[in-house]
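Shared chain: chain A. Partners: chain B in the first complex, chain C in the second.
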Partner chain A sequence: LMNWHPSPGATLNSQILAEACGCAESLGGAKDGRWKTSIYFYRSMAREAAAGQQGQQGRELLGVALHERPGLYFSIIRNNRLVLQADAAFPQVMEKLQSYKARVALNFEGFQYQLGDFCLRIGKCVPNNSETLRGIMMEVEYYPLSSIEKSRAIMEDFFDIWQETVAKKSLPGHFIHVDSNFSEYGLSDQYSFQHTAVQYATCLQQLLTVARVQS
Partner chain B sequence: MECVVQGIIETQYVEALEVLLQGLSGVPKERVRVHELCLKSGPNLGVVPSEVRLLCDLAQPTPSWSIRHVGGAMRGAGAEQISVLVRTIVESKASKNVLYYFYTLGYKLDHELLKIGFAFRFHRGAQITVTVTSANKMPRLYATDEATPVTPGIQLVEITAPAAADNYNDVVSAVTAFCEYLAP
Partner chain C sequence: MMQQSQAQAAALAVAPSVSAVAPTMSHPNDPAGGDAPPKQVAQAMERLGRAGRLIADIRLGADRLLEALFVAGCAPPYSAPQHIDRTSRAVVQEEAAMRRHFQDLRALGRLLMILSLPHAVFRLALKAFTDQKRRFFPHLEDEVLGQIQDGEPGVTKKPRLSANGELEEASLSEILKNLGNEVPNMKIFTYRHLDWSKRASSLASLMDDDFVDPSKELNLQNMGNSRSSALTTSIDQVAVIEFLVPSIFRAIVSLHPAGSTDPDAVAFFSPTEGGSYLHARGMSMHHVFKHVKVSVHFLLLKTFIVLQRWIASYQTLFTKVCSKCGRRLMMDKSLALLLPPVHRPYHQTSNVGPDLQEAYHIGCSSYDI
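Presenting the complex of A and B:
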C-alpha cells in the first residue's frame, strides 16, 4: 500500500486522483471495475461510574472489511500489534456485546487496473456518507508470488517506475510506502489478507498524521 | 436466531439413544470435542456487563475457533405459547488468537468446559442438530487432556435448529415434532 504525501502547504484534491489514474492507464493498465475497503473505528465504552477514567481505559480497535473478501472481517488492536481474522458476522457480535462501539467509518474506494502481473487499486479515503477527501492511496498487488521476501525486488522495481511516471505530472506531492512491521503482528513471510488488513491500519495512521500536520 | 430444546439423560442410556438417533436421522455420527471458554467483561467495561463464548473445535485435525454470543430468549405473548426456547445467537469464525484478543479487550475467563460426545445433523422440516455430550471440567487452566466429568452419570442432550424472524414458528414445529420421538 502507498499513500499520497502532499508537499508542504499543498492540499489534497481529486485532480491528483485523476492524474494517478491517468498514470496507470499510460503504463498500459486496463480499467477493471471499482473497489472499496471500509475501516471502522471502535472505542471502548465505560460504565457510568468510571466515565471520568475513560481516557485511561479507552482502547481503540479498527475493523477492516476488505474489498476482495466480503465474507471476512479483521479487527486490529494497533497498540498491542494484534490482528484477528473473523467472518462477516463479527461486527454483530461487537454490537451485541456493547463493550466497544463503532464511532467512525472511513471508505477507501476507487478504480482498479490490471497491468500484466500487477493489479493497481487507486482510491480516495472518504468518511462514510461524505465526500470530504481525507486521503489518496493505492494498492499494488503482484499475483505470481506470495513470499514477501522473494517479491521485494520486483515490487521495488515497480515502485521506481511508478514514481517516475507520477513525477512527470509535477503534482504537489508523491506516493510513499511505509513498511508495516508484520513480524510484530505475528505474521509470516507468506502474504495473506491479514497482511493487507495491517497495511490498511498503517496507511490510515499515515493519512491521519498528514491531515494533522496540515491543519 | 435458534430454537433450542435441552434435556438430560443418564449415561447408561446414551448408547441406546445413539442407536435411535442414527435410525431417525440416517446420517453418520459426528464426534464432538469442544473446548468452551466463557468470558465476561471486566469491571467498568461496557455500558452493561457482557458475556461471550469462545469455542475451540478439537475434533478436527487442526483446531478451529469460533465466537458465540447467546442472546436472551423471546419475550411477549407469543413466547409463552412456544414450548421450545427461541433465542438470538450470533456466531463468527475466528483466528486462533481470539482468546488473547478478548483478554486484551478487557474480558476475563469466567469458566471453561470441555464438551465430549457426538452429534447428528440432518434435515427434518428444519436443519436440526442433536448433540449428546458430557460436560468436563479442567483441574488446571486450559488442561483439556486432564478433564473429568462434572456429572459422571448424566449427559446433556441438546436439539438445536437455526431460525429467522420470518420462519421461527415453522422451525419450532419441526423441532417439537422431532422431540416427540425422544420423549421416553
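Presenting the complex of A and C:
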C-alpha cells in the first residue's frame, strides 16, 4: 500500500487522483472497474467500574471490510497488535453484545487497473457521509507470488518505476510506502487478506498523521 | 519372384511414409519447423530419403534371409548339407550387409538430430522406422534399439549426445538423485500420468481457500514426497516430473516415453496455481511464467541433466538483474508488460553455477533458447 504524501503546504485534490490514474494507464494498465474498502472506527464500551479509578479510555478497534473479500470482516486492535479474520456478520455480533460501538466509517474507493501480472487500486479516502477528501492512496498486488520476502525485490522495483512515472507529472507531492510490521501481528511470510487489512490500518494511521500535520 | 515383388512393394510402402513427412519441412519459415534455413531443410530431406532407401535395403536383406532359410527348410533331406552351407554363407553375408545398413542409419539419425527438425516430424520419422524394424527384426531389438530411441517401457538407459558431443549414459533415477543434491532448494517429485492429474486437481482445491495457511505448502510437499517414494520402485512408469522451488515456481516436465530421460515438454507455473491446466503443455495464468519458454531445439538436443540445471537456474527469476541492462523489473515495449529477466540461455560449457548463469529481459536477449 502506498500513501500520497503531499508536499508541505500543498492541498489534496482530486486532480492528483486523476493524474495517478493517468500514470497507471501510461504503463499499459487496463481499467478494470471500481473498488471500495471500508474501515470502521469502534470505541469499546467497557468501563472500569472500580471506585476511585478514572473511566478508562475504551480500546479502539478498527473494522476492515476488504473489497476483494466481501464475505469476510477483519478486526484490528492496533495497540495490542491483534488482527482477527471473521465472517462478514461479525459487526452484528459486536452490536448485539454492545461491547464495541461504531463511530466513524471511512471509505477507500476508486478505480482498479490491471497491468500484466500487477493489479493497481488507486483511490481516495473519504468519510462515509461526506465528500471531503481525506487522502489519496493506492494498493499494488503482484499475482504470481505470495511470499513477502521473495517478492520484495520486484515490489521495490515496481515502486521505483511508479515513482519515475508519477514524477514526470510534477505533482505537489509523492507516494510513500510505510512498512507494516507483520510479525508483530503474528502474521507469517505467506501473504494473506489479514496482511492487507493490517496494511490498511497502517495506511489510515499514516493518512491521519499527515492530515494532523497539515492542519 | 513373389517375394521379390513383395519386397519391392514393401519398399515403396516405406518410402511414402518418409516422403509424407518431407512436405511439412518444405516451409522453412514455419515456426513449428524450428529455425532450419532452406539449405539445411534440403539436406534433411535428402538424408531422410537416404534413410528411406536404407530401410528398404534392410527389408530386402531380411527377405533374402527369409528366402534362404525357407529354401533350406523345404529342401529334401539328402541335399541338407549343401543347403546348410549355402544358407549359412548367405546369412553371414546378409548379416554383414544389414549391420552396415544399420550403422549408416544410426549415423544418419544423429545427423538429422543435429538439424533443427520439428520435434513432431522427427518423432514421426523415428517412430515409422522403429515400428518397421520391430515388426521384422524383433530379435535385434536388444542390441540395436537400445541405442536408438525405444518406444517400449522398461528401458531406462539412454545414451545421448551431450552438448559437448560426448555420449552420456545415465538412468533417470541416477540423474534425479544427483540433481537433488546439487540444488537443495528445489524439490523433485515424480508421477505417472494419472497420478499427476490427481495432484494438479488437488492443488486447485487447496489453494482455493480464504484461509491461506503457511503450513499448507508444507503439506503439499509432504504429499508429494510420500507419492514419489511409493513410485521409486516403478521408475519405468514415470511420465511427469515436478520441480518445485517453494514460493518461486513449479516446473512440470513430461517424459516421452515414460521412464526415459527424454523430455517432451516443460512449462512453468506459480506455486499457487492448481487445476487441470497444470501440465507440461499447459500455460500459466501469469505473464511472467508464460514467457519462460523453451524451444523444441533445446528439448531435443540438450541432455536431461542440462534441462534440469536450466530449470534450477530460474530460482533467481524474481531477484536476479538483467546481465545486459542491469535492471530487474522492466517494461517490455512490444508486450506492454512489466517483466523481470525471463530468458536464461544455456551455454555449451556445463557446470555453470546458478549464480553465474546469465539472465536477460526478453528485449535484451540476443539468444534464442
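Couple of notes before you dig in:
The rule we apply is simple: the second predicted complex is superposed on the first by the 204 of 215 C-alpha atoms of A that agree within 3 Å, B and C clash if a C-alpha of one lies under 4 Å from a C-alpha of the other, contacts with A are read in each partner's own complex, and residues count from 1 in each chain.
Note that in this section contacts are C-beta pairs under 8 Å (C-beta built on N, C-alpha and C of every residue); 3 or more make two chains touch, one makes a residue touch a chain.
What you see is a predicted model, and the numbers here were worked out from it, not measured in a lab.
Once chain A of one complex is fitted onto chain A of the other, the partner contacts of A:85 extend to both chain B and chain C.
In the superposition on chain A, A:181 makes contact with neither chain B nor chain C. Shared-chain residue A:193: touches chain C; no touch with chain B.
With both structures placed on the common chain, the touch criterion links A:75 to chain B but leaves chain C unconnected. When the shared chain is aligned, chain B comes close enough to touch A:96, but chain C does not. In the superposed model, A:157 lies in contact with chain C only, and not with chain B. Overlap of the chain B and chain C contact sets on chain A: residues 85. In the complex of the two chains, the chain C residues touching chain A come out as 210-214, 217, 247-248, 270-272, 284-289, 318-319, 327-329, 331, 335-340. Those residues of chain A lying in contact with chain B across their complex are 44-47, 49-50, 53, 57, 59, 61, 73, 75, 77, 80, 82, 84-90, 92-93, 96-100, 186, 194.
Contact residues on chain B toward chain A in their complex (touch as defined above): 41, 43-48, 50, 52, 67, 69, 71, 88, 90-95, 97-98, 100-101, 104-107. Taken together, the chain A residues at the contact with chain C in this complex read 27-28, 69, 71-72, 85, 115-118, 143-147, 149-151, 153-154, 157-158, 161, 188-193.
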